[in-house]
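In the two complexes below, chain A is the common chain; its partner is chain B in one and chain C in the other.
Now for the complex of A and B:
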């Protein structure tokens, strides 16, 4: 490139670069600094404490719980969303009447704001007045406490978020399904394969790139679960739905804690977890994914 | 090539313009209007705007401009502004943040200001003054005050054949009424308790603790004092209703209880005046808190006042800000604000003025009891920066008892141990 062109290129790039540096890189660097300090942002006195914030995590019983909840949540949410999404996508990958209505309806869950979603589920699962307990009553199942019970609340949040993300999985799978050449499935059918065999041996392997993408994407989102917890249970009852990002928020802003140093340390720890999980997923995924050119 | 140079110049110019625009934001220059951050909406916003325009007309050289900042978010925003040197002159700050806000170097010490002639500092309620004072230093002027009392559904009381509660009632009566008001088949509960485990969970219990004659911390705020007979009595009372009688609806959302009360599903609520306007569908009455007979606590209640805080932007602006705040919180302005909004009066002299209570009660039935109940606020929560940690521990303790996960005595002992550890390690921060 000639120097003059280079100058022009930089002139065009600079605004974007400045914005990324200012709002992307600077906070990342600053929170790294914060994680090595005791800093509540009020007091000008911000002593450097080395790795004390990271060591504190080892002795914090709540963070052990938060890690556990995050992992349980992810382990249920990711396959749950993928299975439900795949099921609906296959059901909708047909030429039937009003198909666009069904597809819109499935995707609508993505368009609904988390607050509305949380409010609706709070009332559905209300122990005394909710419709779910009413149906349980009609069916003769014992009444449950749901979001008020430390042993059930996390699972209600799993159901809530699967519902919320299903539309996304449906769209991804639907697009992938429509990219599968019909000649392959027809050829298999002519060779005498049953519909289940066609699905298992041809459709599913050809969907593997979409599955890998969904798995990685949903896992990253699951590890960063926050909104649904914030709006429905606020981490309770008794920390039973406290996940890592929620705990981080609690330490930084919640209830006037303002442990910004500790919260930043947790953020870096979470970053580490996400990186490791994603690398593993890609390594394993590469072996299982069947790409076709 | 020419075109490239042209676009490069334009882009560079735009960029330069953008950067300078950032640089000349609403920085705190020594001239210009005073800036006040407040989070008023609805009737409060209207009344505040009215007072502001009155001040600005009378003081053309010391005009005040207000900026809406949601109260819940104001502290992070204030911190950001202070870091950038663009703090407002005055801000509305929650009382529970006072010990933390006091650590900001730019916060102006008002100890001498409130002693000026004409301010009449003792005219503010003791609960307000306590929350505006951190370690002997006054850092704020009271902006809002409230308290907890019992709001009850008159219709449900009549249906259950119960007498409405009187001012001399006890927690035993409260629990018995709650039991009588509970009808599982109709999904009707005697009372409710908010169980998110937040400070809202905690301060409801702290009122009971004080009524039972107990204390949260010792006098020097260095050790837990709630693991006491009073602590046990207060937790046992709540446990009886939540676990044994199942007369208490537990609300982890901290908001459903109000809708349920307004739908006639809950007999009694311990809540504050801010909820009254949300009960148009039921006939309700208001009574002061019950007592524990045989203790020194009486019918006292708890208050959660908020403050106006001044930030230092130069002595001239500080002086103007002080002058404005003292005017804003003087008796005539405080009276106007209460009558226009239904907020409780921040000064005792407002309550005493002729016809005030009647006018308040016409606007918002039952609020007069909350006004007189301000006299039952005898003390404030510990004014220490570690209180949020204490509150988190107490919140878990209360919720675990109400959910039947632990026994009151064991929960108190374990919480006291955690609080002592937090106080010991957190004293430096």
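Now for the complex of A and C:
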């Protein structure tokens, strides 16, 4: 390529590449270095301590709890959102009256920020004045402490985040459903297949690429859960909702810790978990997913 | 989004034929599923709105009052007095709009260079940028904080901590945006561009006059996705911003809740005000948002 062309190419690249090198690439290296240092904002020197931060994680009981909470949350949130999304998308994939009203109701959950969502749900699930406890009262179920209860708080967060992601899952599944050629389902129906068989044998396999995408995407997001926890429980009560990213945040920026070394080690550990889980999902997924054409 | 036809209808006919003429509802039975589902989906919004126009006594009443006796809009001015929601909205809007514009410009330029130029190290540089796609934000968060702090002290004050600039600069170009536009540009027929080059148009002119107009769908998708991300971003503003006057809507709302934790009517009025702008934008541009989200889903498949 001529030098003039070279110069033009670099002129096009420079702004975007500089930003990504500065805020995307360099920090990856820097935080790896940080994870090997004893580093908090107020200590003047930052000695290298080898893998001490990673070793500290093994002996930190809160880390074990945080991993457990993160995995439990992910294991409930991901299938929960997919099932709700699939069910609603199938129900909404037809020309009936008011269908646009129904669809709009699902889409609306996409417009709400995590903080707005959490604020509404704190109020709905308020132990003393919340309407959920009122409904429980009407149904004869004993009053619950919800977000104030160590055994219930994480599940309330599962519910609020499933609600918040419903619109996303519905949109993805609806788009995939509309891509299924009608001749396939019609042919099966003419051959005498029941509606349930058509769904199980034809629709569901043809939706599998969308399901794999949703599973991977929701899992990555679930493993990084933070906003709702920070806002509605701050990891409590009794650490019962402390998930990995919340603990990392607390170490780095919560209170006056500024424990950047340890927090960076946790961040790399999280990175590892996300990579491993994603690779497994794709490996298993490739075997189960039916791609057309 | 195209209205769907009913794939289950012929199956229903088949069933009806087999079991003889069956009694049928005068409306689709799916309504029986969709109406309760819609109520559950909408209820949090409705309850939020109802609480925001109640008096504190009504909000704490047992049993809960579903329809307030009189609409009390006093919570809104009170919430506005307690926290500058207008300012939060302005900050969010500036951050989101500038971030979107920067992304469109920078990602289009870089994406075009990667799509159409072949130069020493281009493959390597592209691969390096793509690897950052996999890295979760938490890994880069702490260095990003330190870099932003340094930028503010030594380079440009407005890009430093406690300025909304700190929310724009790190997100002004993304690996996803570059990748997404590069892929799209590569699907465009190169003949138009070559013809324009032969006629003496500069590379910049080709990009601006030929490539970008042909890329409107991809650009609008990137714009919608970037806008949502920017508007809803919470963790980075939480770390970078302490000063109320520089807060965005989610951060301002979180801060407001911290100060008025059990004044539910006030909180819900604040929440409604933080929601309304995004709801309006979302429904005004619903077509774009839905299409963009659907496109990421289909692209992933």
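Just so it is clear, the second predicted complex is superposed on the first by the 290 of 293 C-alpha atoms of A that agree within 3 Å, B and C clash if a C-alpha of one lies under 4 Å from a C-alpha of the other, contacts with A are read in each partner's own complex, and residues count from 1 in each chain.
In the analysis below, a residue touches a chain if its C-beta (ideal position, glycine included) is under 8 Å from a C-beta of that chain, and two chains touch if they have at least 3 such contacts.
As the structure is a computational prediction, the values presented were derived from the model and not from experiment.
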Discussion item. Taking chain A as the common reference, can chain B and chain C both be placed on it without clashing, or not? Answer clash or fit.
Written reply: clash
Worksheet item: When the two structures are overlaid on chain A, which partner does A:83 contact: first (chain B), second (chain C), both, or neither?
Response: neither
Worksheet item: In this superposed model, does chain C or chain B come into contact with more residues of chain A?
Response: C
Worksheet item: So, does A:94 touch the first partner chain B, the second partner chain C, both, or neither?
Response: second
Worksheet item: So, does A:150 touch the first partner chain B, the second partner chain C, both, or neither?
Response: first
Discussion item. Touch test for A:8: chain B only (first), chain C only (second), both, or neither?
Written reply: both
Item to complete: Give one of first, second, both or neither to describe whether A:257 is in contact with chain B, with chain C, with both, or with none.
Response: first
Discussion item. In the overlaid three-chain picture, which partner chain does A:75 touch, first (chain B) or second (chain C), both, or neither?
Written reply: neither
Discussion item. For A:238 in the superposed arrangement: first (chain B), second (chain C), both or neither?
Written reply: first
Discussion item. Taking the superposition on A as described, I'd like to know which of chain B and chain C A:129 touches: first, second, both or neither.
Written reply: both
Worksheet item: For A:276, is the partner it touches chain B (first), chain C (second), both, or none of the two (neither)?
Response: neither
Worksheet, complete the sentence: Of the listed chain C stretches (8-16, 26-34, 188-196 or 260-268), the one clashing with chain B is 260-268
Worksheet, complete the sentence: Residues on chain A touched by both chain B and chain C 5, 8, 12, 15, 126, 129, 253
Worksheet item: Across the complex, what residues on chain B touch chain A?
Response: 1, 4-5, 7-9, 11-12, 14-15, 18-19, 75-76, 79, 83, 96-97, 100-101, 103-105, 187, 189, 195-199, 249-250, 252-254, 256, 260, 265, 385, 387-389, 391-392, 396, 399-400, 403, 405, 429
Worksheet item: Residues of chain A touching chain B in their complex?
Response: 4-5, 7-8, 11-12, 14-15, 18, 38, 40-44, 122, 126, 128-129, 147-150, 232-239, 253, 255-258
Response to the item:
In the complex, chain C touches chain A at residues 1-15, 18, 27-28, 30-31, 33-34, 37-38, 41-42, 44-45, 47-48, 51, 59-60, 62-64, 105-107, 109-110, 112-114, 117-120, 122, 125, 128-129, 132, 134-144, 146-147, 169-175, 177-178, 203, 207, 228, 231-232, 234-235, 238-239, 249-251, 253-254, 257, 264, 267-268, 271, 274-275, 278-279, 281-283, 286, 289-290, 293-294, 297-298, 300-301
Worksheet item: Which positions of chain A touch chain C when the two form their complex?
Response: 1, 5-6, 8-10, 12-13, 15-17, 19-20, 22-28, 30-31, 34, 88, 91-99, 101-102, 104-117, 119-121, 123-124, 126, 129, 131, 134, 163, 166, 168, 171-172, 174-180, 182, 185-186, 188-190, 192-195, 198, 203, 209-210, 212-214, 216-217, 220, 223-224, 226-227, 230-231, 245, 248-249, 252-253, 260, 263-264, 267-268, 270-271, 274-275, 291
